[in-house]
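Pasting a structure below so you can have a look.
Order as written gives the chain letters A, B, C and D; numbering starts at 1 within each chain.
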Amino acid sequence: MEGTTRLETFSDGVFAIAATLLVLEIAIEPRTRDVGAALTHIWPSYLAYATSFLTIGIIWMNHHHTVSLLARVDRTMLFVNHLLLLTIAFLPFPTKLVADYLNAPGERPAAIAYASTLVLMAAIHQVWWQYARRGRRLVADHVDDAALRGVDLAYAPGVPMYGAVLLIAFFSPLASVLLTFAIAAFYLPSAALFERGGEPA
Amino acid sequence: MEGTTRLETFSDGVFAIAATLLVLEIAIEPRTRDVGAALTHIWPSYLAYATSFLTIGIIWMNHHHTVSLLARVDRTMLFVNHLLLLTIAFLPFPTKLVADYLNAPGERPAAIAYASTLVLMAAIHQVWWQYARRGRRLVADHVDDAALRGVDLAYAPGVPMYGAVLLIAFFSPLASVLLTFAIAAFYLPSAALFERGGEPA
Amino acid sequence: MEGTTRLETFSDGVFAIAATLLVLEIAIEPRTRDVGAALTHIWPSYLAYATSFLTIGIIWMNHHHTVSLLARVDRTMLFVNHLLLLTIAFLPFPTKLVADYLNAPGERPAAIAYASTLVLMAAIHQVWWQYARRGRRLVADHVDDAALRGVDLAYAPGVPMYGAVLLIAFFSPLASVLLTFAIAAFYLPSAALFERGGEPA
Amino acid sequence: MEGTTRLETFSDGVFAIAATLLVLEIAIEPRTRDVGAALTHIWPSYLAYATSFLTIGIIWMNHHHTVSLLARVDRTMLFVNHLLLLTIAFLPFPTKLVADYLNAPGERPAAIAYASTLVLMAAIHQVWWQYARRGRRLVADHVDDAALRGVDLAYAPGVPMYGAVLLIAFFSPLASVLLTFAIAAFYLPSAALFERGGEPA
């Protein structure tokens, strides 16, 4: 159990810091004359901030729930978890790209970079879970198979969903970011659906 | 109980990081000739820093006290808490606006943006508390009604108080920020008033 | 005891974040031609970084030791502790001033700002300790008076020491920063002197 | 044991924050016209980010494992640990140098600065371990000599390995960074080799 505590504390630190660093992407030009207009003009920054903040919230909740099902971690798990954290800590960069270029020339590559990061993150999270779950490799004895299947169902849509976001980014960067926001806003309240009774194990 | 621990650790991380990131808004122009004069000139930066740092202190204390009254959290609570953290982690941006534009052209929209963020934060905190408290939805059995009424009283002035700050920002940005500072400075020492005996439950 | 845990976790977060943010003050000009020369030229940045990092280390160690002697905290203590954290989280700003202006025009006000912050920090830390210790207000029962006197002795030199640093800053900014570094470098290894046997209570 | 908890919490905070701050070095020029091309052009930023993030992962894992073998810490240990953290929190600076200058004029001093930081870090980590281990100064009673020899073997290659990286930096900066990346990528999965059975003590 000590093994999962270590992994959880470090991961939580990275989740909280990455989410809080997102605010550094929001800025107006130095010595702006019309501050009010500038604050309206940077609406993509607010959208990008909220989208990434809520998305990190989902991943944090899922991560916590699944770690609570594990009895131990091994070196491969620590490595895969570190790769997952690497993509989460990277998120402020594509978020800033979206903030700076959405609704302006260059919005397409910005949205593609953002969506690609999310696809990569979802894919690594899926590997993370499958590695722990296969043959109950790292699963705690007291966890029943229904709980594992609940997580399977919750994690399955991740890659296809963000894959669709990536596809849409090629056609409409704004629609792509709005869909990411919608996924976060609607998924976050329901993310704990599989935590029956509202109380995590 | 595990549920509230998760929420508390992540929230504490965001509180501490947001407060510590505030310092990044303080800067003087690169290659300043008269450093002494520049350090005096940026007094709005110090005021904005202290105001936001103390305000985050109040919210942290209130958050901690109320979480200690809860027995569990559900998915809605996690979502509302994440929205609260979203506004707290956002605070460094309007703080920087006040630091950069107070006592200069553009100070009005800067002060309005700052006050609006605080109103939003207070409103979400109120929703947070009412959701947990209504019908003792998430409240621990050992907590008596007097403790709940104590929090009701402590949380009630939040939205009206910051609403007044917002109103004043339209007329006098400086007065608006000074009032925010005064609320933080006088409220912080008394914030634990409802913690009878000075020792939190 | 719960009371001191809350205070300790939040304080530790601020200590660790403030120390780690210090690195953001170190930079060379964008698109520098002679990178090697630039890296040598910014030696004040390294000195300022190491000085502040070690100084935060001392304060963290002292803070932890004294909190371990307390049984509880009250609202005044939480307020004074928050003021202490406010000065610690502020440290990256004067550190950057020293990094940017030491050995250049403007070094005097930069060194004075740095030393003034340290004097203020030491003074608030002294108030912090005296408030907790007077009449054993917050001290745990099992702590004997010798342990309290040990902390008295350890905290007494703080304000005079940094006061001397401030005085020297008016005459020689470099000497002032070097003395701060020396205090940190020699005090840190001996800071736990009063932890008899090398094992904190 | 209290002693090692303090040290571990603070160290974990610095590890997590330093790793998450690395992302701030990644940026494209403001108002870039061809965002897609710019995102490809800054590949050294991604390489530097991944290399430092994985390297901090290794050190975190090793640090955690060895701290778990200790029963207590003394003042010298706290000082040496703080020096280790000083080099880890410094890492974002040379990482940014590599990101900005690799594959461009100035890449040699950038790569040398990066490798020198890693050599220093490995050397201090070795001192850290030897201080704790000699005569079982700080080692817990239940830890057998085989576990200590396991760490000896795991830590021995650190300084020579990064010494080689430093040497190579004089001839080929790119090869030097790629070797650092390879060390991190291949060492991280096997870093827990000495944790027999995959479960840390």
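Note that in this section contacts are C-beta pairs under 8 Å (C-beta built on N, C-alpha and C of every residue); 3 or more make two chains touch, one makes a residue touch a chain.
Keep in mind it's a predicted model, so treat the numbers as computed, not measured.
A.B. asks: Count the residue numbers both chain A and chain D use at their shared interface, divide by all numbers used there, and answer same if that is over half, different if under half.
C.D. replies: Different: when the shared numbers are divided by all numbers used, the fraction is under half.
A.B. asks: Please flag the chain sitting at the greatest distance from chain D, going by CA centroids.
C.D. replies: B
A.B. asks: When the C-alpha atoms of chain B and chain D are each averaged to a single point, how far apart are the two points in Å?
C.D. replies: 36
A.B. asks: Any idea how many Å lie between the Cα centroids of chain C and chain D?
C.D. replies: Centre-to-centre distance between chain C and chain D: 26 Å.
A.B. asks: Could you tell me which residues belong to chain C and also touch two or more other chains?
C.D. replies: Correct list: 13, 17, 21, 24.
A.B. asks: Pairwise, which chains touch?
C.D. replies: A-B, A-D, B-C, C-D
A.B. asks: Which chain A residues qualify as touching chain D in the complex?
C.D. replies: Its residues touching chain D are 2-3, 6, 9-10, 13-14, 17-18, 21, 24, 72-76, 78-79, 82, 85-86, 89-93, 96-97, 100-101, 105-106, 108-110, 113.
A.B. asks: Across the complex, what residues on chain B touch chain C?
C.D. replies: Listed in rising order, the residues are 12-13, 15-17, 19-24, 26-28, 30, 32-36, 39, 49-50, 53-54, 57, 60-61, 64, 68, 188-193, 195, 198-200.
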